[in-house]
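In the two assemblies presented below, chain A is common to both, partnered first by chain B and then by chain C.
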Partner chain A sequence: MTKVKKVMGWSAFPSLLLFLIFLGINGIITGGLSLSFFRSFIATNAAAICVAIGVTATILVAGTDISLGSIVSLVNVVIVTLCEKGFSVTAAVLIAVGCAILCGMLNGFIIGVMRVNPLLTTFATSTAFAGIALWILPYPGGSIDFSFADWYSSNLLGVIPMPIVMILVLVIIWIIVMSMPAGLQLFALGKDVKKAYASGVNVVALRFFVHTFAGLAAGIAGVCISANTCAGSPSIGATMSMNSIAAAVIGGVSLNGGIGNIWGGIFGAAFLSILISIVVSANLSSFVQSFIQGLILLIGVVFSIIAADKELKAKIKSIFKGGVK
Partner chain B sequence: MEKAKKLNNPYLPAIVGSIALMILGQALSSGFLSMNNISSILMTTSILTMASIGQAAVIISGDSGLDMSIGAIMSMTALFGPMVAVGSGALSFALMVPATILMGAAVGLLNGIGVQVLKVVPLVMTLIMSSVVNGFSILVTKGQPSVTVSPELQSISKTLVGPLRILPTVIIILLVLLEVFFLRKSKYGRSLFLAGNNRNAANLCGINSKFIIILAYVFAGAVAGLAGLMLVGYAGTAQMNMANSYTMLSVAAVVIGGTKLTGGKGTFIGGALGALVLILITNILQAMNMAAGLRSLIQGIILVAILMVNSRAPKLRQ
Partner chain C sequence: MGLAFRNISKRYGAVVAIKQAQMEIEEGEVRAILGGNGSGKSTLAKVIGGLISRDNGEILFQGKVIDFKSPKDAKKHHVIMTSQELSLFGNLTVEENICICDVPVRGRFTDRKRLKQKAFEILKKMKLESLIGKKVEELAANQQYMVELAKALVQEPKILVIDEITSALYREDVEIVDEIIRDLKSQGCIVLFISHRMVELYAMCDTVTIMRNGETLGTYQMKEKSEDELLSLMVGTRIESYHGEGRHHQNVERDVFIRAPHIPIPTYGTVESLEIGKGEIIGVAGLQGHGQTDLVRALYGVRGGIDIEIDGKIQKIHNAKQAVSRGFAFISGDREKDGTFQERSLSENIAVVQELVKHNKLDNPKEVLDDFHVRYDNPGELITSLSGGNQQKVVVGRWLCTKPRLLLADDPTKGIDVKARTDLHQVFAGLAKEGNAVIMISSDDDELVSITSMVDTSRVIVMYEGRISAVLEGDAINRENISAASMPVNSMPQKDIENREAGAKV
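On to the complex of A and B.
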């Protein structure tokens, strides 16, 4: 019983529930869930999940990052351009991920060292990053060798699909950080900056790290999306940054900082992705789709916020208890 | 001493910035300070100013208030406003203005209810509302906006007063009136500042801060609705999501104008000056005939520079 309660109280639980419910609905609509569905689902949406992990990390320290979508576009464009210039795919991918980390470090520097508001900083840098992407590749186009796509759809050690490996890389880094003292300090920083600083938390270094991690996450997301499409587009990640913030909130991550974990971000992003695939497969006219997506997103966020509201929970509990009496 | 104090006002960076940008623009391309270009700069500035007035009201209301749906509301009213057609052109134009204001206010009301009653964080609530609004405009227009902008609507941006167009003049007068009578003098304006500064104190003073903050969102929506109508009147055509960039531009304008994102402080006039700086930057970069990507890169770098000078948080060690 206590175990059940512990699971129910987990901040990522509402998003997991939403994800499972909509997975079921999707199964009913498309007629059964197959392994191939999961494979293509993960392959398509690994990028969104990676970006959500990155954003979740920044939101946990009471920041935010809306430049990740632009970094994803930049990575995609860099990979395509380098491949066309004759670099090997591996070299191109490594250089592009390096660029993404540099972008994250720049964000971290401005936010951590220069103490500028994260939302405004990442808005400004997202304009700059998107500008670089558009400068390198003004029009969608270009192609990557299909061996890249084959690598992406292969399995590591014959068991784990590559997209999951990409997500796991981020998750493992995060778990390692969480097991260090820095993990606890991160939550302290998110709860209250001044108290954390007074207790000797290195605020600058933590903010710098979190945004660098977010940059790495966006870089990996860019690799995933490039491998999945094998083509370049300077605006491929434009909608990702906003969706990832919504995903994090659905996953029970508090925008005020200090509450939540990256599993919330992962399940939130998975829920949003399955939602989009349901709306697409429900055969609605394309004009209705975006409206319905927005509405369900709204309901999802309101639901998860109400679910996390302790006062409301207490009220509902007291109603139930009153009924029993 | 008095003078030094006056110099150290929050508008100073924006004023200095815009003068420097004007000189730079003139140095880079000789026709920059011609009457024609100035009047077109003022025109676009006045549209962004409208958006930033709404944004400023929401930011002042505090509680990490932010309206990310301003661009979506503007796009929506830019599409729907010209659809109002009743009889003669002048009559339908007279109906368009209240119709767009109402449309915007309705979205603002939903935002306010979401933020204050359902307790969704403003950033997320308005962000999601913007995707709902964008989806709604696609639903209604079926993705193919067929907007014919009537001559009456176009005339608001074309009528001239001397060498300048009439709209910026109207906006500037409106702005000063709003600043003085809405924000500074009215009972509502005072309670808005108090609610933004300290909600508990406001509640203890008998102010219904929930209601006040919801009204701020309604106001922002209404103003954004009107701004959308102005935008379509100026542009002459409407496209899907044409005003989406105005969301973050309005936030940036308000911040450059010296308003802090923490709420409880701020001015409308500062937002107008910030809007002028942003439009000047865009205009100079366009005048230099750069590639779109490079332009956006430089815009981003300038924004970062402005932010680093203008809005750094105080040091933690005190």
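On to the complex of A and C.
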């Protein structure tokens, strides 16, 4: 009973539930769930999940990062352009991920050291990064060697699909950080900057770290999306920034900071992805598609906020108790 | 050689928080710091803890000059400052909170086992080991305070600054705190205790330093001074005294026209009631943050809906707009936040309530400005070009031209000069004399004594922990009575131990 309660009380639980429900709906619509569906689902949406992990990290310290989508685009065009210039795919990928980390560090420097508001900073840098992406590759086009796609659809050690390995890289880094004192301090910082400073927490270093981590997450997302499409587009990540924030909120991550975990971001993003795939497979006209998508997104966000509201829960409970008596 | 402060000064802009503070404390001494609102106690505590930098002066510890750049730096030297507003994280567990300043590690990783054990050992001393595993936001106020103390103790302080216990402690808590402090004392730790609770100060402290207006007035042996002596030292006598005492009208019948039987005080979860007479000025006194602001704002309808009986009719007030339409006005001492529209002109600031809320045309804003003796060049200039006192006169003018029946004022003369203050007092008294009522909070007790002496019917109510602890009328309105009621001597809760463990709400 207590274990059930613990799972129910987990901040990421509502998003997991939403994901499973919509997975079921999707199964009914498409006629059963198959392994190949999962493979293509995860291959298509690993990028969104990675970005959600990155943005969750920044929201946990009461910040945010809306530049991650632009970084994804940047990574994509860098890989394509370098491949066309004759670099090996490996070299292109490493350079592109390096760029993403640098972008994250820039965000982290401005927000952490210079103490500029995270929303404004990343709004400005997102425009700048998107601009650089457009500068490098003004039109969608170019192609990457198909060996990249083959690598992406292969399995590590014969069992773990590569997209999952990509997500696991981020998850493992995060778990390592969480098991260091910095993990505790990160949640403290998210709750209250002043109190954290008074408790001797290194506020600057932590902020710098989360934005660098978010940059890395966007970099890996860029790699996934490039491998999945094997083509370049300077606006490929444009919608990802806001979608990832919605994913985090659905995953029970408080925008005020200090509450939630990356699992929430992961399940939230997975839910959003399955939602999109349902709406697409329902063969609706494209005009209605985004309306319905938005509507369900709104319901999802409201639902998860209600689920996180303790006072409301207590109220519902007391009504329920009164009714039983 | 213990701890010595030499000529410490700190100013925030034009406001002097501490000037030339001097103090010397021996090792193993427990020192109380006593002072009224804004006397600089908390600023001094923050200077020691490395939270803010000082402008002048030096701090010597064991003969060496210490100069902390950050709280982290101070903690390295085992100088620990604890204060309720700056300590616990509600989203973390008790043990995480206790150890957050110095997380035990194995290699580079958090040693969860030792973290728990460390917290357990400290909490066991406090007989609160049952709290382990709980989140801090789930704890009652007294338990949170104990956890806060545990967090300080775990850092092995050499200098411990305890700032403002605002939550009530139960008797057993006090005994435990007492024991812990005696323990620290025997280890040669210096404890600075900032509190308003005289009982606790007498129980735990050896000596007391009095602060007033940012200055340290003197240090005395706790046992040598009676409570009354300490309070009168703390209150002091002012040069520009208001001469209100002894001039109040006695036993005046009041003609009650507003009754508010249920005024919620959300901060403390208490409910108060108030009856307001025509032509009455009610002063609201008490130490900062004891529910005064809640009281006034609740009447204004901004702390949830409230039933108020006006002229015998029960009216529901849910928000400020409804309150204004019932003839209420609200003036806040925090001009920038609640008062002025900074990017707007004087005439717009004057006319805003009358035109936008009450939908009446205000013919001549200039007349209002002149009536209230505002010093200005032309009505079109921005309100920010005026001095603070003149800005406040504009705000008062805005409300008074709506002919309010009840004026609610939350420390309206904060930060304005003596002349402007006196002007405002006269305006308020004039409003009351026309048969309306004024409820005014002030952090300055003298001001309340003075303004209540200006009209026939008046009262001063004193608030303590969300309740009205005293109602003073007539000759009883004086500084001593207000101070005494602000810090009730026998306020120690005499509840049972079970109550404490259950974590009663404060």
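Keep in mind that, in the parts below, the second predicted complex is superposed on the first by the 325 of 325 C-alpha atoms of A that agree within 3 Å, B and C clash if a C-alpha of one lies under 4 Å from a C-alpha of the other, contacts with A are read in each partner's own complex, and residues count from 1 in each chain.
The definition used in the following text is that a contact is a pair of C-beta atoms (placed from the backbone, for glycine too) under 8 Å apart; a residue touches a chain by one contact, two chains touch by 3 or more.
Owing to the predicted nature of the structure, the values given are computational and were not obtained by experimental measurement.
Chemist: On chain A, do chain B and chain C fit together or clash when superposed?
Modeler: When both complexes are placed onto chain A, chain B and chain C end up clashing with one another.
Chemist: Tell me which partner touches more residues of chain A in the superposed arrangement, chain B or chain C.
Modeler: Counting residues of chain A touched by each partner, the higher count goes to B.
Chemist: Using the touch definition from the top, say if A:Y197 reaches chain B (first), chain C (second), both or neither.
Modeler: both
Chemist: Quick one: is A:G258 in contact with chain B, with chain C, with both, or with neither? Answer first, second, both or neither.
Modeler: A:G258 contacts chain C only, not chain B.
Chemist: Between chain B and chain C, whom does A:S290 touch in the aligned arrangement: first, second, both, or neither?
Modeler: first
Chemist: Tell me which of 79-87, 259-267 or 295-303 in chain C produces the clash with chain B after alignment on chain A.
Modeler: Of the candidate stretches of chain C, chain B runs into 295-303.
Chemist: Which positions of chain A sit in both the chain B and the chain C interface?
Modeler: 194, 197
Chemist: Quick check: in the complex, which residue numbers of chain A touch chain C?
Modeler: Contact set of chain A toward chain C: 179-181, 183-185, 187-188, 190-192, 194-202, 258-259.
Chemist: Write out the stretch or stretches of chain A touching chain B in their complex.
Modeler: That would be residues 64, 110, 114-117, 119-121, 123-136, 138, 193-194, 197, 203, 234, 242, 245-246, 249, 255-256, 286-295, 297-298, 301-302, 305-306, 309 of chain A.
Chemist: Quick one: which bits of chain B touch chain A in the complex? Just the residue numbers, please.
Modeler: 64, 66, 114, 118-121, 123-125, 127-129, 131-136, 138-139, 142-143, 248, 251-252, 255, 261, 291-301, 303-304, 307-308, 311-317
Chemist: Within the complex, which stretch of chain C touches chain A?
Modeler: So the residues of chain C touching chain A come out as 49, 51, 70-72, 75, 81, 86-92, 96, 100-103, 105, 108-110.
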